[in-house]
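Each of the next two complexes has chain A plus one other chain: chain B in the first, chain C in the second.
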Partner chain A sequence: MSMEQTLLQKKSLPDKFKKISFLIFGIGLLTVIISFFVDSHRFAFNYNILFSFLVSIALGNMFLFAIEYLAGAVWSTVFRRINEIFISFVPFVMVIGIVVLLEMHSIFHWTYKDVLENDEIVRGKTPYLNETFFIIRFFVYTLVWTLFAYFMRKNSLKQDTTYDQNLTYRNSKLSAFFIPIFAITITFFAIDYLMSTEPHWFSTIFGVYYFSGTVLSALAILTVVSILLHERSYFDKILKPDHFYNLGALLFAFVNFWAYIAFSQFLLIWYANLPEETFWMIHRWENGWEIFSFILIFGHFLIPYFALLSQQAKSNLNRLKIVSIWLLIMHYVDIYWLTMPSGFKQLVFGWIELGFIVFCVGIIMILFYYRYERMKNIIPVGDPKLKRSLEFKL
Partner chain B sequence: MRVIDYTIEPPVVEGNPSLSSINESIIKPLESKPTRGWYIAISISLTMLLIGAISLGVTLWKGVGVWGVNQPVGWGFDIVNFVFWVGIGHAGTLISAILFLLRQRWRTSIARFAEAMTIFAVMCAGLFPLIHTGRPWLDGYLLPYPNQHALWVNFTSPLLWDVFAVSTYFTVSLVFWYIGLIPDLATLRDRTTNKILKTIYSILSLGWRHSGRHWQHYEMAYLILAGFATPLVLSVHTIVSFDFAVSIMPGWHTTIFPPYFVAGAVFSGFAMVQNVLIIIRKVFRIEHIITLDTLEKMNKVMLATGMMVGYAYAMEFFIAWYSGNPIEQFVFLNRALGPYAWAYWTMVTCNVLFPQLFWFRKFRRSIPVMFIVAVFVNVGMWFERFVIVVTTLSRDYLPSSWGMYIPSIYDIGILIGSFGLFFTLIFLFIRTLPVVSIAEVKAVLNSSQPSHGGNH
Partner chain C sequence: MENKILYSVSGIFEDVNKLISAVKTVTDSGYTKFDVHSPYPIHGLPQAMKLKPSKLGWVTLVFGLSGALFAFLFMYWVNVIDYPLIVGGKPFYQLPAYVPVMFEVTVLSAAVFTVAWMLFIMFKFPNNSHPLIDTEYMRKVSVDKYGITIQASDPIFDLTRAKEFLQSLGASEVFEIYFRESNVKPKIFDKKFILFLGITSLIVSGVTYFILNHLLFMSPFNWMHEQFRLNPQSKLTFTKPETTNLTPVEGTVARGFLPYPYTDRPDLAEKNLINPLLPTEKTLKVGKEKYLTFCSPCHGNFGHGDSRLKGQFPNPPTLHSDKLRNMKDGGIYHIITVGQNIMPGYASQISSDERWAIVHYIRVLQRAINPKESDLK
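Then we have the complex of A and B:
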């Protein structure tokens, strides 16, 4: 197959990309370090947001990877190597996360001794919310995710040379085990790092809420990266609008799913009107935070909903690219909205937050650059489903 | 290790049957005299229906006092059965609409039957809130229309949202089902020699001539309806879950309810479709159309949704503890250890434990195992609603007003009657309309797809 042979030679990313990545990363890092000395409380909260966002990207791609195997999807095989690049972020992201553990006292006030003494409700949660167990859980997440990421990629990469169909079978099995473990770990991750910033508040749907954003952001980054590479001929023009249509349709589906989950949570809390739950929502509806609530309603749901509604929009590459970047920003805003008001009564948004976003972009670009350069090829050439994937038509 | 060839698409229909043999095997039951087995089956279901009719008659004559409902358990079997049947009605539109949008070709052989089942299940479901009102002859006021009595519905009540959600769902499911039937009705019209039948089929098939232009419009209409039905499927059980979750009853008010109910509905709906299809494919000898592979895929969906339901049980338990709210904590301990613990453990065993067998390919592909597991799932999902409704109501905030709920013979009679209605409708359906979409199955035959596969 000649097409596969041309694809065996992967093009390198230009040096310019590397330079720009380092520049962005450098600016971000500098701002972040300065912010630590200016306002360590805000630094810690922002760092937690950054970490959760990066976890979303890496884990969301693992989920997409697993679902491809489990559903026996064919069209997505051409994109799988891009998934794998983001999956390989996992150990790095977890190393980045260690700072959150070090800064635990600035983020989670259930770690304060005086809170534990005076607050009966928070005290009741100590069997779960205590520093030791929190750190243990961090390492459990790290271990589990890293192992899965390692074996999933290993099987897939091995197939490039062996063309062994059994590896697909093995990855399907691995994916089946991954999904329930993923569901449990991501839920408790969300509870630990996002929900417990406000230790009084609770919501059973919270894990699903974070999951919906996770998958959406993973789809968005997969879409935007694939389109950018496609436009610069990294895929040798083998990708057709039909392939992108599927990504667009899934983005649309998960925009709706996120809205469904967010609305369910909001409506039930609003309607029941129990003070033990509503205070969390009210807090996000006053002191300037309502701006972010509005941004989410419009930016995370209505705008992308209408932007992706029509059939043409889902295979319009420019549209998809813009919406994907937009949705990535929105997922960041979403995590910001979830955690930041827990630590700050008044709206805070300024150079520190922008610096963290720049830092986040820098991290993703640098990690992407190095992980991409280590890949031998840009599509899984040994995958038995590849031929059908290339021929895919709607 | 099993060797699977991933380079080719697995066929939906086995054995590459010819187009005319597909016609034969699906239409034959409609053209032949009913068998003895069919008569026995419908006698049983009609008897069940009769039991239900008598129980309902007594209820209407004497009032809902003959039921087991009491203070504090004002919602008993009627609401449990309502939620159960609405849940069963979820698989149909999920299979026909959502799997259609996901381009799952294996849905073609089961979609028609699942859709019909949806309609029948929603009919059974609709019965319960109507009789639950106590004076069903006044149910017309559930619809908001200007009237002399100046009676107006309460738009802030999720019970009213149910009226809209369920009736919309029923309407769209019916239209969707009917649109899908049109090409098949035309096929029936062209085959039949009976004059009366020919007239009926001619009217129902709306002048369908299998022309290219007809197909083009048909496919567009089908796609639009699928897009339309998709949010509806999710919304119906979401709104049913709101009936509970917007309240401040401990055990009911929890934010995970909407997606949890939807997952549970799909779970039980698939179990019911699978149960009935196993029998139909055997009796009709269409095992090559509704293949073991298709059943295996359904089992996988059941495994996935079963675990989602299990996730929700676990999450409710965890957050009840985590919330630090003693009342919430009590409710969950009461579920697991209280007077209705047997119902709770039945639910957990049937819904979470038994479906785990589907992790193994051997069990996923064993007809007896999957049949039994699906029966357990149906039982478990009924008990889930029982647990939700009854345990919460029987022991709420004030221990002095606690009570127990014991269903009366009429409650059980009406439940049996709803099964009777459901199966009677199914038995009539399989005698009058093709249980598998002939047109759609032909479209997924390997011979009709020149670009797919190599063996043609």
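Then we have the complex of A and C:
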């Protein structure tokens, strides 16, 4: 007990952080509002990307949280509070997502009546792709994710005061239910918000593709936030390089996983060579979009792969920090690459896109600030695995 | 004992944490030639021993990359240089199709060469004359104990001091290990070993023989042989009478094939049949191709009856005889279709249009050998 009381006092974030995050948020918000009046089509597409990215971060952390309980992982217990901060983003992110519903006509052209009349392929998909069902699905996602996020966090936070070991068991059960539901909802989410921007195209691996990016970005944001807090001794230096080594190894694994899935999708489309599938890839290989295809090949796979390859690199905090930020940007670019060419024939990239990135950073910082301040402890002090986690050795 | 040369002083440790702190002390006391043994890899030990990072990772990297390169070059050589084949309408050089193979070969080559390098280069595998081998110390540290070995060649080594030092660190047992007097030869030609090899090979070959010749034909392994489906050319049991092949219904005409009505009447064929094709360049090209494929082996490339068969088959008469030159197109067509003397009919191999095209080509050959007056002007 004494160790916990002396070691694990939570420090609050400096006021400067709050000011900076509000500044970034303000700049982002201003650009976003201006962009709505300048080019509402581009605004809507970018907003969809922003929403999908935020969902990635929140849901990915829920997945990591569930995996920790299911696998009985010990090393990651010290990071779980950071996970939970991002998990608690879920309801806010879904509120942000309502704008996507309002702007549906600018993003999804299957919502137009004249498209439905003239386009037999899109008409055939109306049992799934129609506005009512789309909105229903949005609220189903919101409900399911929010409930899971709420109960997972509730059990975990309650343990801080009650030290009840049953809560760990209860969260394990919850996680076991969550994983299949997560698999289904994230697949449908990817189909709804990313794949249906091009309703003629389909790929059965698409849900897995989005999932790989989701987990990668969740790991990346977990890594970068933990390292930043650790460097400013918010963790009282209780974290060892061995803990970060595991994060680095997982990052490395998921960089490979993403490449594996992305290449699988490409290879099958390329081999089968069916016009109904290839046009999507071809479109991303011309009219300037090929720049982003190349950025993904190098930036999302080759550069982080070689940056994380050696054993020393995975426990080198500076390198982990840079690679994690880089991977977060790459996941944003990945979603951009998935959806943007569906709405625009020629490459579009400019102040609107940058403004949305700033806005996204601002949202994450502000949400992080408030959720962090509401936390009582920075590590789960009541968790029975905590002692082993602190003593974790590779 | 006196004339033996000391190799090392080795201590046994019971506990990992004790071992690591002991290793740290050994390092700090200035010993440089020492080694630690444990039955499993311990993280943090290399740091405690102040070892340089292992170079094995570079071996993996180099062999992994050369595996990828090898796979790429091999596939490129096969698909582009040595035996270009069009597969699925793709170009010969097709990087996406190479990637899975390159990936697998990278993994295989990296893994195999890492292990091989470790065993044969770093551990000097076939060499079994190391003084630690076959000692009580080694037997213990390869099961459930840990050990530190301080070599006698260390510059600050002193037998009694090293022994006391290890004991003070918490070693439960301390051994003195000596070089062998003579190199013990490996006992490969030992009687027992030969017997073991013989028995093993007998068992292995017996089992293999049994599996391949008997087991595979026993139930349930033979289930796949006996399936309730019709094999090609097998007897049909549901027809009357039971036959192997069903003949088409009488009077059936296959698509694209009209029955030939003049089989036994060459005179009528010559009288009634008219060449439906015009002697255009395209037709003549087809005719030439088919003539060279089907006719030229016996009739010769220019129709002189100079066959390439070199007496294996009687030579046919020349196609430039007056009889054939004056024969109408229908007559020649009839001969190609049903055959003549020992020449078989080609109706089943050459389509009707192609036969007419061949007739045109034969006319061209005839006119080239015996040109008309007007051609020579």
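One rule holds for everything that comes next: the second predicted complex is superposed on the first by the 389 of 394 C-alpha atoms of A that agree within 3 Å, B and C clash if a C-alpha of one lies under 4 Å from a C-alpha of the other, contacts with A are read in each partner's own complex, and residues count from 1 in each chain.
The working rule: a residue touches a chain if its C-beta (ideal position, glycine included) is under 8 Å from a C-beta of that chain, and two chains touch if they have at least 3 such contacts.
All of these numbers come straight from a predicted model, not from anything done at the bench.
After alignment on the shared chain A, the placement of chain B and chain C results in a clash. Of the two partner chains, neither chain B nor chain C is touched by A:N287. Once the two complexes are overlaid on the shared chain, A:P180 sits against chain B while remaining clear of chain C. Applying the stated contact rule after C-alpha superposition, one finds that A:N118 touches neither chain B nor chain C. Of the two partners chain B and chain C, it is B that touches the larger number of chain A residues. When both complexes are overlaid on chain A, the residue A:T126 reaches neither chain B nor chain C. In the superposition on chain A, A:S310 makes contact with chain C only, not with chain B.
In the superposition on chain A, A:P384 makes contact with chain B only, not with chain C.
Once the two complexes are laid over each other on the shared chain, residue contacts for A:I261 go to chain B alone; chain C is not touched. Within chain A, the residues touched by chain B in the first complex and by chain C in the second are 267, 271, 273, 393-394.
Residues 74, 120-121, 124-125, 128, 165-166, 168-169, 176, 179-180, 183-184, 187, 191, 202-208, 249, 256, 260-261, 264-265, 267-269, 271-274, 276, 383-385, 387-388, 391, 393-394 of chain A are the ones touching chain B in the complex. Put simply, chain C touches chain A in their complex at residues 43-44, 53, 57, 61, 88-90, 96-97, 99-100.
The part of chain A that touches chain C in the complex is made up of residues 242, 263, 266-267, 270-271, 273, 309-312, 393-394. Chain B makes touch with chain A in their complex at residues 1-9, 101, 103, 231, 234, 238, 242, 245-248, 253-259, 304, 307, 311-312, 315-316, 319, 322-325, 359, 451.
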